[in-house]
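To start, the structure itself, in structure tokens.
By letter and in written order, the chains are A, B, C and D; residue numbering begins at 1 in each of them.
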């Protein structure tokens, strides 16, 4: 690839959308405030000006209707991108996603494809509270038929967005609020990033950390600290949890013998339980210590900053847990 | 307890409801077809006749509204039981359950309780197909604030229903369609069954099976077959997955050293992943073999009977998997 | 009365009726899995509306959707086999009665979820509007769907975007065993169009010519870019809610008998003969032709090989 | 003009206004976490409606709910502290602006989810109807909520069950930056009452006496068992959608200026003085009293101890 530029995560995301909309006139984009406003997070900046009302349309507060429209339009040959803005607001649309989008290709015997991208932003960002902070991506992963994307860098968000729009099935594309205005290197020109290919963000030999979305950044910070103590940490970002790149993770654990999973969501009955169970079973003889899971506390998101900080996995908590893990 | 009677699972369930409604006038019951009709599955037989429209009310097809009403009524001092009938139909109500019911006690600093029971029937029963068969109870377990009940016998469904109605928080009470007309022994007179107490349905020493709802029955059938081969199986039914009785399961695994988890739901990112991860970590040194998970195939529910049978965990599959497990 | 239209509508309704009775007969013999909801008595709605649609227009349907599927052009053989859960079915038997899909004729599915097809139709209309190809979408749904959230958002959005879609409510007075009026304050569905700023009209849903006329106007408006219409068709379900429900416990015998007198097929026949548009013999000939068609469909479905369990994991991800 | 009523409404509106401006000032100083939506300019709605409610009646509110909370009786000190996320807050600072609950005065919550409070109010009404204690529930929501599924099911159910609940839409013409008319075909919210078979009325939401009169009738109807009413209050949000949004990019300066002339507090003051009901001095006295009240609330909140991290796991399960 040509040399990189440093642009914001949200700019990279918009570029991905924009390029695909230019390439394919059947792609359209709907959501609340994504028109003239350019998106609550600037996540649609410039698109309405370029493509107009017909392909970039502001929506009323009708998440169920928006996603249902997306399903119908996809069944009828379009490639809709439906923006939910705050992931928390997707609840009323769950039926359209789970009962309709996720099952139609299967039950129609492959006759109907549903190339729908549902885009949303998750996660805590300075006390967004119980209704604007959830990270329940594991729900989607539990449902056969849905692909689930969690981009953690500017390059990934662009490359994965393009792949999501080109995918012939429903894709749940979840960005992180905290990332949007953060800059990162992005290759110039055309590129995509395939689903199901984990990113080894950092090589190490003592312990493996599997982390998703914002937790990848925390894990990298922790790894940098731990290196000073002589602890070598390998950090793996699955990038998509469906499809899930088991191989890359297993190879790492075979090498390190120790695994910590860091998850901004509660780990109970979630993806970190899945990854822990999978590794504990498939790397049974390689593990030198039990797989450790560090997720959010099993509570709703408190508004108070002190409580919120206590609830979420921190860099310090990761460092402490890794120390314990290598010592065990 | 006095000696048992043999009554249907659904009759026992209605008894539990009826007794609590007689004891507490703030309990009311709403749902589709639960009035004069007596319930799609006879799951409200006789209640409308006894308590009338005021406390047993037929609903339009408004699951979101029903559950939202339940939340509001519970906040205002009543104890609503909201029947969704088919669990699959709960999707549009998910926001009221997750964002409202599950968080209000926490965010109100304990000032407001939400004593709401959401009742529904799950599972496959002779080709009910993709929209009437799902078992996504793990979703609720992933959400802090919700208790999740999966009764697998006539006695349990009555005792747990009474406990659910007396609970001061939101409870997701999930019966299995297949069970309703099956008879089982039920103690005469007043009794309740506490949450968080697993039931050791069968004692054994070679391998532990953790199974929920209908899979408990399959596990018992498999255990009976395996006994003839000299394989001694312990079968554990958690009965409630939130709260989850880790102790009983861990003690069993410490004894048997082998665990198979049987789940009618897909196991990816679900409760069986959680149980497997928990045991693999907390019984790390007791396990003689990797924890094994036998769930539904990761597909929607096909309508065709041959495909449906291939998708769901069967007694034969359990037997085969246990054989492999003890041999490993 | 234009003869071609009358005979086409008569054939269409006969096809649905005889198809459903054959399905019923087959189901009762115990060989069919799952549960089914029959369209008997409501044929005028699907026939009258779909007569205006081409295979490039879209339809979304319901749990009671066999009639919609046939009227929209799903092949009789493959429809019968699908409901039977056979690999020779239009969806390989993977979907069954409540999951019939056929993109070849724009049929976007019967549906196990009440009202779910409404926003889906709005979306299909959005896709054709985006292409500007002048096609329309029609969503059929029952009175029960009117009280559901998807009705509100699906229609409200279509109105806001002025999309080419027609919403057809089959008000048969009951949702399962629950009378519409027991759980709904305003039982005049057509008046709800005003809430969304679109025309709403209530018609006799058992008068196929009336349905045909009114649907024609609504579909023309949609094609002309004038936006959605809500049509309430008053009709009735003489049979039970699903096969197995006697359908009597919650309705008086008189009510059922009275509605049987308004059977849409008999009415068109009587009408056609009296007006001289068609002769008894011509109608009988159509009836016989359809009989053979349905018989052949039954044989086609029956003869299907069984499913291969290995295909269970196909098509999960596109 | 009954003097007591006028002075009570004036005090109530002044309390909301000064509270919000103090919150804004504090937020802008950077010490407040989260994001907040201010009620400035819409005070007449909460004041006029809540004047009819006792602490045993119920209210559900929205993301823009500080005014509703105060008007319903949530203590000013604890409300201020809650929005600031302080342990001395009414909910220990665990909820913040969009999660204020106070059962002591029947306040069932501001809400981060648009329209979610509507079915919750219907449920609260169901609970009081069950007890037969003659209380009512009121749900406040914005124009944005009208397009949401929860509006449909919440109101439709209340109508079907003839429950004692009043639905109050604060139509301030915008949902975030989106004009209501851009995403809605029928922008007359009050006409949607008919769809549910309940009365719908549109009024000047910046005329507190008008709001008081109409809400009084609706609440009386509810208490009398005559069922729900939908009241559309036309109002405006002179500030941005949330603190940080200048609120200008999508609205003309003239529009904002024109609405400022219709400020509900100024109007009541002018009205009261002109009609001779109250003297300038009396109004000023109220204003000063409220100032002290708000200043004290600020100090109360500021003085709160910090939260104990150990409490983070409290109250997850009841």
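Methods note: a contact is a pair of C-beta atoms (placed from the backbone, for glycine too) under 8 Å apart; a residue touches a chain by one contact, two chains touch by 3 or more.
Small disclaimer: the values here were computed from a predicted structure and weren't measured.
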Chains touching both chain A and chain B: C, D
Compare the CA centroid of chain A with every other chain's and tell me the farthest one. C
Take the average of all CA coordinates in chain C, do the same for chain D, and state the distance between these two points in whole angstrom. 45
CA centroid of chain A to CA centroid of chain D, Å: 36
Using the average of all C-alpha atoms in each chain as its centre, how far is it in Å between chain B and chain D? 40
Multi-chain contacts in chain C, i.e. residues touching at least two other chains, fall at 92, 94-95, 99, 111-113, 147-150, 153, 156-157, 160, 183-184, 316
Would you mind listing the residues of chain B that make contact with two or more other chains? 59-60, 62, 64-65, 88, 91-92, 95, 99, 103, 106-107, 129-131, 144-145, 298-300, 302-303
If each chain is a node and each touching pair an edge, is that a line, ring, star, complete or other? complete
Using the touch rule from the top, collect the residues of chain C that touch chain B in their complex. 33-35, 85-87, 92-96, 98-99, 111-115, 144-145, 147-150, 175-178, 182-184, 249-250, 306-309, 311-313, 316
In the complex, the residues of chain B that touch chain A are 64, 88, 91-92, 94-95, 98-99, 102-103, 106-107, 129-131, 134, 136, 138-139, 141-145, 241, 265-266, 268-274, 276-278, 280-282, 284, 287, 289-293, 298-300, 302-303
Tell me, which parts of chain D touch chain C in their complex? 147-153, 156-157, 159-160, 162, 183-186, 191-192, 194-198, 227
Once bound in the complex, which stretches of chain B touch chain C? 32-33, 35-37, 40, 58-62, 64-65, 88-89, 91-92, 126-132, 297-300, 302-307, 309-311
Complex contacts: residues of chain C adjacent to chain A: 58, 60, 90-92, 94-95, 99, 101-103, 108-109, 111-113, 116, 118-128, 130-131, 137, 149-150, 153-154, 156-157, 160-161, 314-318
